[in-house]
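Chain lettering (A, B and C) follows the sequence in which the chains are written, and residue indices restart at 1 in each chain.
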Amino acid sequence: MEVRIEAVAKDFDRHPALHEIDLAIASGELAALVGPSGSGKTTLLRLIAGLETPGRGRILFGEEDASRLSVQARRVGFVFQHYALFRHMTVLENVGFGLSARPRALRPARAEIDRRARELLELVQLGGLEKRYPPQLSGGQRQRVALARALAIEPRVLLLDEPFGALDAQVRRDLRRWLRELHDRTGHTTVFVTHDQEEALELADRVVVMSQGRIEQAATPDEVYDRPATAFVHGFIGESSRLPVRVEGGEVFLDDRPTGLRADWEGPAELFFRPHQALVGDGAGGLAGMVTGGRRIAGVRRVELELGAAHRRVEVDLPLAQSCAPGTLLAFRPTAFRLYPLAGEGRPADRAPARQLAHG
Amino acid sequence: MVDIARTLFFPGLPAAGASRDCTSETPGVRAGLIAASLLFLALFLLAPLAAVFAQALSAGFGAWAAALVEPDALSAIRLTLLVAVIAVPLNCVFGLAAAWAAAKHEFRGKAFLISLIDLPFSVSPVIAGLIYVLLFGAGSAIGPWLSAHGVQVLFAVPGIVLATVFVTVPFVARELIPLMQAQGTTEEEAALSLGASGWRTFLRVTLPNVKWGLLYGVLLCNARAMGEFGAVSVVSGHIRGMTNTMPLHVEILYNEYNFQAAFAVASLLALLALVTLVLKTALEARLGGGAPGRVR
Amino acid sequence: MALALPALRRPSVIPGFGLTLGFTILYLSLVVLIPLSGVVWRTADLGWAEFLRLATDERTLAALKVSFGCAFAAAALNVVFGALVAWVLVRYRFPGRPLLDAAVDLPFALPTAVAGIALTALYAPDGWIGGPLAALGLKIAWTPLGIVVALVFVGLPFVVRTVQPVMEEIEREIEEASATLGASRARTVFRVLAPSLSPALLTGFALAFARGVGEYGSVIFIAGNLPYRSEIAPLLIVIRLEEFNYAAATAIAAVMLAISFAMLLAINSLQAWSRRRYGHG
């Protein structure tokens, strides 16, 4: 089921939580809403579910205007961050609840409800736990019961609010992979909210990056990582360093000194690059900084550098073998970078599209 | 107009059609439930309170005051105060000792001890009086011996005090035990490690930490001590001007069909209850979220 | 005592254990345990046959029936209205709500004798409430209905104050989950919320019931006190005492104590069970 969000806005006590949002989620797509807390991602999810009412705009499920439907009639499968299982009901009763809550004419027989609930418990690999009560389950098991319960109503859209937020790291990783497989098998249109960009990149077909009630970028994980639409996205997704620069005659200057980088730009800008997108060492040329510290990250050594009198900090990756004592001067040059308009220059820095970067 | 009335009387209600909050009832149902519970509380709580004052002042302010300064009434007031002045401090000391033992230490049988402290709450007040009649009455071992030595317990002030102490035993302890348990022992351990004596630790660290809870317990203990009827009635002997507390005096006046005077004395007790409620609400604000929802 | 105790307790640097525990036990023994045990001794002195004769005396049985029956009815009413009041106080914001919240504790603070004469004045045939009801042919004061009215007054805060904190803890997510699964509001309230409140409601019921059985002051004025009809068990104890019939008074007391302790035990196990099962009391 395709979900279209058209010009939806929401205020809480006159404080805007969402500015006009437009977003289309294709049928069968697995989309991630990602952003810092307060970015409006959970509000957007709850608007789709009907748990909040939009101030303006409408939400379409296929051709139907869902914003006219009550939560009950909307038939969305919602998985809550803290599971929200009914603790006085067994696992089986929890999963069967949605079917037994249907109006009498549409309600399957008791045995049929139980059969379907058991089937779903098998699907989420919890067969045999039907008679347990939620407090007797582990966090990961509860999460899967919540998912089975949401799937039981044959939802038109599956919505998950921070589905792995309350789980520890190992369970999180396993459950993530498992959710992806389950999605590929069942093909539900799925939207999940996370504050963890890594989770969004790994799991989703499409990543919707949000900040301050606006969508910054909605694109594939590769697109979002390689071509961030705004400075915010570049800073939020993946690791990056930023430097305030000025471009004159196609040449990039840092603190009025040439960097050896060239760009199709004019005037002040903010330069972003990723730690692994830097050529380091003698003869790299362009920029240089004082090593202030370093740490090992998996297969590389990430070194912190301080640049110039303003002590600007950047990070670059070195091969593990190359050691680098604090205090040494290190030359480097970004092999790829992106420029964004400087915030506070009168231009809406977050929203203007970035100029295509030039290689230095 | 309807909207104005709505915002005046139910400011929490959303305007019609603005929201379909799935975690609440429709405005109509809400208004109905609020009205039903208001009606219930009005009939069962507020009306009796209003009735007390209406009846007390039915013959005017002068008659009300006259009923209170009448000698038997004055002696009842004095006795009630005396009983409270003895019973409340006793149970206060007991509550502090019990809370120190039960909240700051771990020992076998602790749960049992705590339920023993609550025991008087589950005993009918009449039985609370009866046990002292059995203990000190004519058929007992101690009673005749005591009266032979000139000590009168039953139908005298000591019996009234004992019965009152019995019914108010749990009040202070049951406020302090959970509070002190929640606060743990780290502050006391810190004080001791800094060289403070046990007594000094109690006075300077523990007591200031529980002072509002202690006051709360004392308040409830006092309200019950002054208002106790059943237990006191059994042991008092109803000797006018001698062993009558205020609640007993109310009963006597009422049974003599002197309703106005009965309600005048009752209104004084009702005022005490109102003051107690006001102070209690203020203390709950100080004690924070844990306080409302206390039972008994 | 102080020498024997350390074996029973976990070692701790906090001093004063022997002193405070010793004082606590001594005080409880003198004020509560020794006097209460008098009832047990006196009952044992009676002998089984005599005790049974006294306890099954027709008037005694009638009084126990009135006490337990009225307490049960009042506690049941209080579960309904107490849950309603608690819900309104927890969920809705309206002017005067804090005042109402405080007023719920009035029965704890108001001396029972005062409540008794006030309720009698109200519900008597010439009272503010009793008058209109009498016109409808419903007599409350001086009938068992009057006893129920008094016990509703006395028991209300037990139910409200037991249920209120549990209602406050209900997570909105639970209700939202139920709604997204298609359940109507009524179904959410009765199938999802009510069952999770039932342990608290039962506890409140038991507390109100236990209090109602032993209640004296607020009842005797409104009850009419007709033997076999509106005479409560605590009043019969007082009557027997005034007749110096200590044996009969003790027998009634023993029966009431036994039942109250059984209730207390039931309440405690109920709370322990609900804590285990639902994670709250």
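Note that a contact is a pair of C-beta atoms (placed from the backbone, for glycine too) under 8 Å apart; a residue touches a chain by one contact, two chains touch by 3 or more.
By chain, UniProt protein names: A = Sulfate transport system ATP-binding protein; B = Sulfate transport system permease protein CysW; C = Sulfate transport system permease protein CysT.
The structure displayed is predicted, hence computed values, not measured ones.
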item: Farthest chain relative to chain B (centres taken as mean CA coordinates); value: A
item: Comparison of A-C and A-B by number of C-beta pairs in contact, larger one; value: A-C
item: Centre-of-Cα separation between chain C and chain B, whole angstrom; value: 15
item: Chain A and chain B: spacing of chain centres that average the CA atoms, whole Å; value: 57
item: Of all residues in chain C, the ones touching two or more other chains; value: 176, 179
item: Where chain A touches two or more other chains, by residue; value: 50-51, 71-72
item: Multi-partner residues of chain B (at least 2 other chains); value: 22
item: Chain C to chain B touching residues, read off their complex; value: 5, 8-10, 12-17, 19-21, 23-25, 27-28, 31-36, 38-39, 42, 81, 84-85, 87-89, 91-95, 98, 100-115, 117-119, 121-122, 127-129, 149, 152-153, 156-158, 161-162, 164-165, 168, 172, 175-176, 179, 185, 207, 210, 213-217, 221, 234-235, 237-238, 241, 244, 246, 249-250, 253, 256-257, 260-261, 263-264, 268
item: Residue ranges of chain C touching chain A (in the complex, touch as defined); value: 171, 173-174, 176-184, 187, 191-192, 195-196, 198, 277-279
item: Chain B contact footprint on chain A (complex, rising order); value: 50-51, 53, 70-72
item: Chain B to chain A touching residues, read off their complex; value: 18-20, 22
item: Chain C partner contacts - residues on chain A that touch it in the complex; value: 49-51, 71-78, 80-82, 84-89, 97-98, 101-102, 133, 135, 146, 149-150, 152-153
